[in-house]
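What follows is a pair of complexes built around chain A, which joins chain B in one and chain C in the other.
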Partner chain A sequence: MLASERAVGWTMVIELVRRKDLYVLALLVLVLVGAAAAIDFFGVEGVEVYLREMAATLTLLFTVIIAVAVVARQIPRETERKTLVPILAKPLTRWQFLFGKFLGAVVCFTAALVVFWACSALIAALKGVGLTWLAMQAAVLQWLGLVMLTAMALLFSALVSETPVSVTLSLLAYFLLKGFTAHIHILASGAAGVGAWLMGLLYTVVPHFEFYDTSQMMAFAPLQRPLAVLDWLFFGSYALGYTAVFLAGAWLAFRRKRF
Partner chain B sequence: MPSHWDATRPVLEIRDLEVTYGRGSRAAKALDGVSLELRPGEIFGLIGPNGAGKTTLIKAVLGLLEPDRGEVRVGGERGGSVAAKSKLGYMPELATYYDFLRAGELLRLCGRLCGLRGRALERRITGLLDQLGLTAHRRKLIKHYSKGMRQKLGLAQAMLHRPELLLLDEPTSGLDPLARRDVRRLMGALRAEGRAVLFSSHELSEVEMVCDRVAMINGGRVIVTGTIDEILKPYRSYRARVRTNQVERVREVCESCAGTLVERSALEEHIDSCILVAHRIEELPRLLVRVLEAGATLEDVDHGYESLERLYAEIVEGT
Partner chain C sequence: MKRLWALRVTMAIAGAVFLCAQMSAELTVRRCRRACEADLPAGQQPRTFLSLFIGKLEALVGDVLLLKADNYFHGQTSLLGRTRVGECGHSLGHGGHGHDHEHACHHGPGHDGEHHHAADAEHVEHEPGLSYDHFLYRQYTKIASTAHVHLGQHEEIVPWLYAGVRLNPGNERAAVVTAYWLGQQLDRPEAAERVLRAALAERPTSWRLHAELGWLHYRLGRYGPALRQCARALGLFEPGEDEEQAGLDLAELWRLASACQEALGDLERAVACAAEVVRLLPDLSAARSRLEQLRARLDASAGADGGACAPPGNSR
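Right after this comes the complex of A and B.
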């Protein structure tokens, strides 16, 4: 099942393993979370809060970098290096090729997420801080958000022909959307008439990556609570819905592209 | 030839193919009404200058670009479809592959994309690497391969699933003479197995040596197509070598015959001999009689073709 897609995706995993990005970023996580832990050494209180927030924030940030670096450059770079043509000449459809890239990227960022969380958990354990169920919940939510992001980056990869443009657009779109979409309804509450309606529409239509970042929740105890089943259903279907939309867009852009 | 192949059915049919790059005032026709047909066991050479449309034609066959008009069929299947692509193998002009992979890994990827699995795939990979002399380099990363090794790897990935049709874009480029000979032998072996090869090259001598038929493309159009004999027929020449110590006298005789006894002739002058070249068999004796009367001695008579290179230059440069 999905043999061609798995073959295409597996190549991306081999590339991630043979490139040095993942190791460098894992080392960075260790250094930065370790540095956060060292604050306690100087007598600053609340090391648990710092550690939890740093762990969640850095893990997400570095996994976003890995996910975007892996997927956004795929089609432009393969076009530039002319590695795309011999593969597309093989008996597979363009959808199979795209979906294989998507699957490969999911495996890559999942591996990165596990490595980064493991690094964070190691440092936290050394400091006697537990990353219990809350960390698991944060990791799963991050994973869902990253699935969405990967599909969006693949769309940019299929749309533009230059690697730096595709990577920049993907990162910019992610951080802008994550930073500002949460505030749209606040703006809407201050507007009236058509303006308010448009703001409401915008809030509904744009993807909310901030739903999947729980670093604040991780840090501050009063907000810590397990998500209910309905919440999980909502977050899961929301991420899958947008993923499907982005993948469909990527396929539309890629299916008749000339190489 | 495998029993399920139909020897009478063309492996590749290209009908009235038109491909345009750009739009509006920037539109440029890369292919303009190209029609070709390849039969099983045939090696077909595609020749033409850079930008003539050879690679565009190959890409259209692969389905990498949608033609504006016309049709491509590979083994009866619509060009670019999975069914059509499973019947062909392609080796690109620039042998660029995932350079972070090893040869075995690349071939495994290609094999899986072609539906090969397990031990059968591993046996095929081992056999091909052995045949192409890459066994010792199987575990080396492709980024450490030389150009010649990459070309061989390109051939291996194209031949992996034993396709009916091979599209080889400049397959001998960058290879040393012995490796070129090996590739020619390989193409011969593929022909003997009943596979068809569409072979694009700038090496005209190689095309003459290997191909059963050729098509010369220029400006996106097929200028001439046929067997080497057919397309060079107008360029057939009849030659007589004569020994003389009066080369100038022979030249005068030839010039006096031009337009009267012979329609078109040429003279290749050497120190103590000349070669008379006529383009019609009946013209050579007329010319020869006059030259022998002028004191020359006949040494040899033969006939031959002017090379494909001459025809190529004539078509491309309009000379």
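Right after this comes the complex of A and C.
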């Protein structure tokens, strides 16, 4: 089961290991978090929230870069190198190809997330800063958001023919959506009539990546409450729902694509 | 092909909008910088390294980092959270510039009674969220905490204060707030003094920095230097646009002067300075009662030397 998809995805994992991106970014995490941990803040002891937040922010940012860089270039590059037609000549449907790429990207960014977290946790532990188990719920939410982002990047990858365009579009869409949707409710609460209705519609339709940016949640983990099961179901199904929509869009764009 | 054509047109439009936005931002920055440089008198031209590039926006850098510290102080609900959880009745400290005068005056001449909230170890208030009833927003509030949870450990705000004063030592607001936290809340008066002196090296004409240094000396029992700093602050004092705040700030300086004079044993000058506080804040019962106490002590001390209270000096 899923053997074809696994084969397609595995090539992405091998590529991630061979390329330098992951190692360079992991080194950057070590250097940046290490530098932040080494600062002496007027001799004040017991400062740790900033370190947790910095680690969480860098980890998410670098994992976003890895996820987008890995997935957004897949279809345009296969097209540019003319390797797509031989692959599709094999007993492999376009959906299998696409889903394999998606699975491979999920494995890649999960590995990157684990590596970056390990680097951050190492530095934090050296400074005597531990992560609470409540930080784990923030990490899982981050992972769900990254799954959603990967599917969106795959959609852009299927839509455009150039790798740089695909990567830029994916990153722009992610950061703009994350920044904009976090503030729609403020505009909506001040609007009335048709404006309020339109804002409400926008708030409903636009994917909310900000739900899954849990850097601050992770930093303030000791002050957080555990999420209820129903909330987990909501956030999980929301991310998977949009993932399905993006994948369906990618498939619709890819199935009639001519090379 | 049609789809690609549409995509290219969309990207071209998006690019144009992006470039326009960039140009607009650049023009705004230049306009702000020109305006601020035109506003400032010759003696107060920006002197910090950062200000060479961004002019008055240097204060914004410090303010952003102060906001971050405020965000930490309020346990992540304050920065953008204010729009979620409603206004908070207390702030990181010093309210930007001024002190919590009424509260302070109720607690004697020092700063010790101020920032009553800051001294609280921890409290949790569940404040009403923004009035936006959308099922997605309701879910969002479960992860973006709307509870107003103050950090029990105030040292957590220090990294952002540190970044603020290191990045821009001339930001008087950042320096004053940092010195307050270091000196009063975290028991690091020597570090507070270093921050204030570094800020004064950049902005020697800032009356707020002199005033804060005066309070710091006063708390450390160095009444002579405290009075000298207070005198400089009074000499350099410039009322802002807010007249009420200017009156409060000036009263605060006279209060420090009165406290220093009292500590140095010059009760007559202490009375005169306290009278200035009452003149500026006639409705403040604490100031009136302090003046009466000082007068009673002065009357009781038969051998006190005479002499009107001159303003504690004008260094300029």
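Going forward, the second predicted complex is superposed on the first by the 249 of 259 C-alpha atoms of A that agree within 3 Å, B and C clash if a C-alpha of one lies under 4 Å from a C-alpha of the other, contacts with A are read in each partner's own complex, and residues count from 1 in each chain.
Heads up, the rule we're going with is that a contact is a pair of C-beta atoms (placed from the backbone, for glycine too) under 8 Å apart; a residue touches a chain by one contact, two chains touch by 3 or more.
As the structure is a computational prediction, the values presented were derived from the model and not from experiment.
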Overlay on chain A: chain C relative to chain B, clash or fit: fit
According to the stated criteria, A:Trp117 is in contact with first (chain B), second (chain C), both, or neither; which is it? neither
Is A:Leu159 touching anything from chain B or chain C once the two structures are fitted on A? First, second, both or neither. second
Please state, to the nearest 10 degrees, the angle that the Cα centres of chain B and chain C subtend at the Cα centre of chain A after superposition. 150
First (chain B), second (chain C), both or neither: which does A:Phe246 touch? neither
Tell me which partner A:Ala188 touches in the superposition: chain B (first), chain C (second), both or neither. second
Of the two partner chains, chain B (first) and chain C (second), which one does A:Phe235 touch, if any: first, second, both, or neither? second
Once the shared chain is lined up, is A:Tyr50 touching chain B (first), chain C (second), both, or neither of them? second
Touching A:Pro91 in the superposition: chain B (first), chain C (second), both, neither? first
Under the stated touch criterion, name the partner, chain B or chain C, that contacts more residues in chain A. C
Smallest separation of CA atoms, chain C relative to chain B, angstrom: 7
Taking the touch rule as given, give the residues of chain B at its contact with chain A in the complex, in rising order. 59, 62-66, 82-83, 85-86, 88, 90-92, 94, 96-98, 100-101, 105, 109-110, 112-115, 117, 154, 157
Help me check something: in the complex, which residues belonging to chain A touch chain B? 3-4, 6-8, 10-11, 14-15, 18-19, 81-83, 85-93, 256, 258-259
Report the residues of chain C in contact with chain A in the complex, numbered from low to high. 3-4, 7, 11, 72, 75-76, 80, 83, 130-132, 134, 136-137, 139-140, 142-145, 149, 151, 153, 155-156, 158-160, 162, 182, 186, 188, 191, 195
Looking at the complex, which residues from chain A come into contact with chain C? 39, 41-50, 141, 159-161, 165, 169, 182-183, 185-186, 188-189, 200, 203-204, 208, 210-211, 214, 216-217, 219-220, 223-224, 227, 231, 234-235
